[in-house]
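Step one of this worksheet: look at the structure below.
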Amino acid sequence: MIRVGVLGATGYAGIELIRILSMHKNAKIMFASSQTYAGKKLAEVYKNLQNIVDLTCEEVDVEKVAKSCDVVFTALPHGASKQIVPALYEAGIKVIDLSGDFRYKDQAVYEAWYGQEHSAPALLKKSVYGLPELHRDEIANTSLVGNPGCYTTCSILGLAPLAKNQWIDMDSIIVDAKSGVSGGGRTTSLGFSYAETDETMKAYKVATHRHTSEIEQEIGLLAGQEVKLSFTPHLVPLKRGIFATIYAKLTADMDTKELVNAYKAFYKNEFFIRVHDEGSMPELKYVNGSNFVDIGLCVDKRLNRVVICSCLDNLIKGAAGQAVQNMSILFGLDEKTGLNMPGFYL
Amino acid sequence: MIRVGVLGATGYAGIELIRILSMHKNAKIMFASSQTYAGKKLAEVYKNLQNIVDLTCEEVDVEKVAKSCDVVFTALPHGASKQIVPALYEAGIKVIDLSGDFRYKDQAVYEAWYGQEHSAPALLKKSVYGLPELHRDEIANTSLVGNPGCYTTCSILGLAPLAKNQWIDMDSIIVDAKSGVSGGGRTTSLGFSYAETDETMKAYKVATHRHTSEIEQEIGLLAGQEVKLSFTPHLVPLKRGIFATIYAKLTADMDTKELVNAYKAFYKNEFFIRVHDEGSMPELKYVNGSNFVDIGLCVDKRLNRVVICSCLDNLIKGAAGQAVQNMSILFGLDEKTGLNMPGFYL
Amino acid sequence: MIRVGVLGATGYAGIELIRILSMHKNAKIMFASSQTYAGKKLAEVYKNLQNIVDLTCEEVDVEKVAKSCDVVFTALPHGASKQIVPALYEAGIKVIDLSGDFRYKDQAVYEAWYGQEHSAPALLKKSVYGLPELHRDEIANTSLVGNPGCYTTCSILGLAPLAKNQWIDMDSIIVDAKSGVSGGGRTTSLGFSYAETDETMKAYKVATHRHTSEIEQEIGLLAGQEVKLSFTPHLVPLKRGIFATIYAKLTADMDTKELVNAYKAFYKNEFFIRVHDEGSMPELKYVNGSNFVDIGLCVDKRLNRVVICSCLDNLIKGAAGQAVQNMSILFGLDEKTGLNMPGFYL
Amino acid sequence: MIRVGVLGATGYAGIELIRILSMHKNAKIMFASSQTYAGKKLAEVYKNLQNIVDLTCEEVDVEKVAKSCDVVFTALPHGASKQIVPALYEAGIKVIDLSGDFRYKDQAVYEAWYGQEHSAPALLKKSVYGLPELHRDEIANTSLVGNPGCYTTCSILGLAPLAKNQWIDMDSIIVDAKSGVSGGGRTTSLGFSYAETDETMKAYKVATHRHTSEIEQEIGLLAGQEVKLSFTPHLVPLKRGIFATIYAKLTADMDTKELVNAYKAFYKNEFFIRVHDEGSMPELKYVNGSNFVDIGLCVDKRLNRVVICSCLDNLIKGAAGQAVQNMSILFGLDEKTGLNMPGFYL
């Protein structure tokens, strides 16, 4: 039994971790922290957990975590993670960090896009970008995983086969991404209230969203060259889900069927990636509630442009599920463990 | 042209007043206050008003309001109204107050249910309960209208013919009411966030909601006796709308058709009350966007119980529309003026 | 390993059975029928099942089912079940029927409320009403379970302790129930389209809904007397969930705390019933995604009336989850098996 | 008073015409047809119209329309319009057609994208593309308007200043469009049911949607060259609204402020086009319920790419409102007549 700690357990990524781990046969939650609710039963804060989870929220306590846990998930806000992760790492336990703080190879890129100094730059060399489909072996050999977020996982996996094979004009990439509301976290801001969010939608942080740099890092690594691309996030009246529509100029001479086959070949060993057959396109209801990424694509011969649709559940494959998948890699379990469920559909 | 002021213009009732008045051919908004946004263009706070409304939010200024306006709508939080209304009233302008502060005949009832002293009890004797269908003549002769809220308008109008005719057991009344989210105002509280509100519902303030006392006051007046009843509010994932399902033991020997006809007769001069034919029941999409109240009913002969469904748009007939209807009464206009629009349906 | 068949696998109750059974460690789906999609892969009809479920929809084939399955779930429309269940029963396999056809003790009641003859009345004497919390021992000894639906499970469990103890006036019961849209099945009717359903709500079949008779049967059994009650269903813009607000005149002298304690005592051995502490009321987000029923209550001393809120996921505890719970009883498994998951919350 | 006919009055575009015209001070509806509901009161089919609209649905009757109306709106399905419009046109009344049948200059383009012959090609030479902001003068001089749809109005107006000035690489245009559900019409298809549509989204008809050709026609005319572009429609859980995110490679050396100013100048006489200031981006809640198009933009200097967000209410500026605007042009009224309302916001 893997002994697990969750820091930031009452945020939406944290509580999804608790929900998934409460059904996991090889993991046991030993410690859950919450700054806001310390001292309160977790099942009082989230009453869906009544009869299932019997844990009390605690203050963060590195020593206690180190003693009682084999691995800790840090589901803290960006910036807060890099304050606490070094101590956890020093204490010798494995850390899977869900913030942006340990996802970057290049400190300067982090600092430019996050507008703050990185207080633990040495750890950036130790940390591994926790996208199992691209970095499985490195993850297996690290103690610090920078777990990717929802927009980035969705975008990178949608683009990876094209980038790796350099079948597209690398200057032509556009990612138009649509997100559900839980992606913004458990927030009380007016812009996330029901009355201001239902039956409307908007784009936000156009041309300036931080996740752009993370997608560029990974697509650049795959392509073997520096890559710059457009990334436009939208807020849509959904509770869960990320849907990315990706465009690029195709340089290879391929039709839809050939490209679908190439994607299937690229992901042939990846249980959690489902490439749709020619003519089928993904919908959020296929993936929400699961750890799957569904990808469909179409080559528009008229324009020689490829359109890829990629989607996932932002709280699962885009956060907590991927973190659990990374835990399986760190501990040598089958990656399906605890994640072998279909989407809700309804 | 009636010169109008709106205090609390950036709350949801206030902004719906602005929206309705911006299309009103006999009214002109001279003054709009907002504590939060004073100094800002109203059309910057609510960008739907761009090109339509050219007003700047001001601080409350009684003297200025009194000089520039013939009537003022006070769409302030409960408690705040009774601080400001006396000065406006003294200044000699007509006041239509959308809070609960001037809806009560009996100061003691107000103080019991609101848990606070009433600082202007003398005005309770001057104010008239602004439900035109029941108090039209009194409204025409007052300068201070206590404009009823959404739950109460919906419940009282659904029950009025039964109460007036004493066709029911007055101890048997139950109002099960369902509300959209805008009824809670423009709030940032977590319980109104999209992620916590969509795809869920709940009852709240069971047996303790303030509006109980307001419904009891008016139904008691109609019945000529003290009335106590059950009122249960629910929060449902809707932006607009109140839907009340009302139950009572029928003492009269009537079937559905007879009772429908009695309701039609009771409301025969009321443009804004639409009593459905036997076999038809109201839906929110018929009334949302309009000043109508739709009422349907069914006599359950098996149990000798009547079930009434009553619904309205909480922001219009439940707030701003009713206030404009009251303005028409105060100034001798046709009550349809500015309110002669069908529901959105979509 | 229990070998399972699902007839009507592509309706919403059927597909929820498939989803739950696909994660069940002691059951294996051997047979799935679908009239509409016979010959098609189940994972082509519901693409959320890709990589998880590898089954092809078949035509109903009693012989094949009897040979390959230990138990069969019939998730067919009302009326269709009673055509096929007798043959399955004769063939000697256990049957859990999700329609209304085998829920009645009294053939005449069924025929009166369903407006059709019952073609297999002899089986009504063999079948057991599949509400484990009330009929566990009988279920364990039958081969034919009439699995209760969503409205009835929610209403009966909310009322059971009061009825059993006769703490209420049995003529005063009112159940005001709100349902999500999936309760109507996988239908293409206009009244269930998104444009006609979102941001609106309605009551339907007021005083005439079939489930009234089913609730009356069970509450009557508990109370030891004939019971007639009001049941009003509403359609609310939710995908999942039933929320029942129940009213009755209290004849016992109890306050909220005492009644809460009595409910907790009544359900003390029931894992899936969660009685909320005084002051807490259930919300759908606590139960949706789980097999739990959450119950909260309040004694309104002013009126001597009790208000009970009871809610559950219509597709799980109101259909597929309850059916799996019944399967566990039939085969001697722990009832939590395959159902030990918390609600989604998000 | 303009005498108006509406053919196809019970579809969503038709009923929105009825709703808008019912509040129009210079128009009177003389005739409303509905194939499905002929003989029924319009206010029985759409009960939101009770007390407001007193019309009975009729069968299409060209002679009667010609005699009783000055102008007729044909809100019929694509294909049906071209069967009936010629007779109406011959009869000498003005026709505003809301289908795709009379929007094309080039019969071959229509036939290629619609997969059917055009039975009235001569009329394509008479008809004018009814986008007032681009073709006001031609509209004033025609008797047959091909009223543009929602996707196209939103996309074309978002791109027009760039195309007209040739500030972009014409091969680089991508329109990623998101639509509410009412855009699909009043349909009973499963893919539009609430349970299958809420909390999910998808792309559809990728690279093959008919409206592509209509956008290409108009952008080509503005640019003075043939244009081919990517258009990807998505279905999003909204009742109303189109939101287009448009991408193009900028060839001009302009920053966001300069381009915003150029858009403002281009549309300076257009009441219904609201160009947002630098730093502000449109949201659907600003435009839904109104005839406005809101446009915001951002020049991404890092990539030399422009991102434009354009949105409108698909039933108003994308259908019925635009048709009424065209009617004003045909009859010399101020275009704001009947359309001078702000968005609902809530």
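Should a chain be cited, it is by its letter among A, B, C and D, assigned in written order, with residues numbered from 1 in that chain.
Everything below uses one rule, namely that a contact is a pair of C-beta atoms (placed from the backbone, for glycine too) under 8 Å apart; a residue touches a chain by one contact, two chains touch by 3 or more.
All of these numbers come straight from a predicted model, not from anything done at the bench.
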item: Graph separation of chain A and chain C (steps between touching chains); value: 1
item: Distance-maximising chain from chain D - centres being C-alpha averages; value: C
item: Geometric centre distance via CA averages, chain D-chain A, whole Å; value: 39
item: Euclidean distance of C-alpha centroids - chain C vs chain D, Å; value: 46
item: Centre-of-Cα separation between chain D and chain B, whole angstrom; value: 36
item: Chain C: positions in contact with at least two other chains; value: 12, 182, 195, 198-199, 237, 239-240, 282-283, 285, 346
item: Touching residues on chain A, where the partner in the complex is chain D; value: 171-172, 174, 176, 178, 195-196, 199-204, 206-207, 228-230, 232, 234, 236-241, 243, 245, 247, 281-285, 288, 298, 300, 302-303, 305, 307, 309, 346
item: Residues of chain B touching chain A in the complex; value: 12, 181-182, 186-190, 192-195, 197-199, 237, 239
item: Complex interface listing, chain C residues touching chain A; value: 12, 15-16, 19, 22-23, 46-53, 182, 198-199, 239-240, 271, 274, 280, 282-283, 285-287, 289-290, 292, 294, 315, 340-346
